[in-house]
């Protein structure tokens, strides 16, 4: 089962992982990654009040679907679920969920990392950070590009 | 929060991950690994009926605690939970849970993989497999030793 | 052609999307960005550093040299920061 | 000294644990394994290939050459297969 959802509502990581595994006896490894909104990026910086995620409807689903297809070509996945939220979030809120299921742990771990690395650099989402006196679009990080490039 | 539990009862992966994140705003990445009992190891082999996990009470908790200390020395972890079950399990059942929480995804992913790799080779647990006509202790895999050694 | 703008490209242009008749001599993504840059102050600001503006043609990432071809939709946006 | 056995080492020895007065000349983990091997058929089977039997002294992994020292508990078991 391979699923992509782009939604403003929160998700239930546990329920999504359980849904992938339910009734199956061929899954040996289930990896769940949840990305959350943090209050502070840099020590001493002004705390984050909220994050607004803008996305490109239609393309976001399609691009993540293409990433899942690439992951399936590289690892023997039994299932994967990716959920990415949009809209306004406050510290502690869920932003993104990746669940991967495979017979063995290396495939599940690597596919989850691959999906997260590429989500960051190729899924059409943009973060706007609100702090007390500022409102800034987050700049893309070179470290994220490098994380994605390591799979090439 | 760092927790080790060795138990015969099932665990709730979702509740454990939620417990690590509850009320915090400094966690950016939460990785959950669940290892499950599979019905079949080799294609064409006799299906597994059940798995019995034997463990060394006392040492199991202590050894996993030492692994968590090593992981904390290598990655900036905010929290980690490891639960390993013992007793008889059937295909589809949970066996082991590792949850790691960190500000950033690379640390959370790597620490979870490190803990799983070392759990396999150094935590005192032994699997007995029941198939229709056989009852065998699982042999340790060279691949698992190699997976653990890559962290050295 | 339908043109979409996202994040600070959208804010600078001042539009979420628009329909535009693209002149025949504008053949690539980069040529369209250069054409848009001349349409006013907001566009000039959005495309002031064309190398940082990314594009997608019919919802697939496209390089600056990609031909517009028969694409019905093009989007311009900053490097992505989701996940 | 308290001696524990796990998995197929336990099954072959036929005991989960026992208390034993270890002779003074038995100083290391390997020497104790060799000493146990002579105690009967089950022990001989359990320790037939001493290199595959692992040990823990007071609940910490110990190499064959590790001295027993003042340890109160030693465990013998096959390579671990948890996780």
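As written, the chain order gives the labels A, B, C and D, with residue 1 at the start of each chain.
Here is the rule we go by: a contact is a pair of C-beta atoms (placed from the backbone, for glycine too) under 8 Å apart; a residue touches a chain by one contact, two chains touch by 3 or more.
Since the structure is predicted, the reported quantities are computational estimates derived from the model, not experimental observations.
**Student:** Please report the minimal path length, in steps, between subunit A and subunit C on the chain touch graph.
**Tutor:** 1
**Student:** Taking each chain's centre as the mean of its CA atoms, which one is most distant from subunit A?
**Tutor:** D
**Student:** Let me have the rounded angstrom distance from the C-alpha centre of subunit A over to the C-alpha centre of subunit B, please.
**Tutor:** Computed value for the inter-centroid distance: 23 Å.
**Student:** Return the distance between the CA-based centres of subunit A and subunit D, expressed in whole Å.
**Tutor:** 48
**Student:** What are the residues of subunit B that contact at least two other chains?
**Tutor:** In subunit B, the residues touching two or more other chains are 35, 116.
**Student:** When you check every pair of chains, which ones turn out to touch?
**Tutor:** Pairs flagged as touching, ordered by label: A-B, A-C, B-D.
**Student:** So in the complex, the part of subunit A that touches subunit B is made up of which residues?
**Tutor:** By the definition above, subunit A touches subunit B via 12-15, 17-18, 21, 23-40, 91-92, 103, 105-106, 108-109, 112-113, 116, 147.
**Student:** If you look only at subunit D, which of its residues touch subunit B in the complex?
**Tutor:** For this pair, the touching residues of subunit D are 4, 6-8, 10, 56, 59-61, 75, 77-83.
**Student:** What part of subunit B is in contact with subunit D in the complex they form?
**Tutor:** 35, 53-56, 58-59, 62-63, 84, 95-96, 116, 119-128, 137-141, 144
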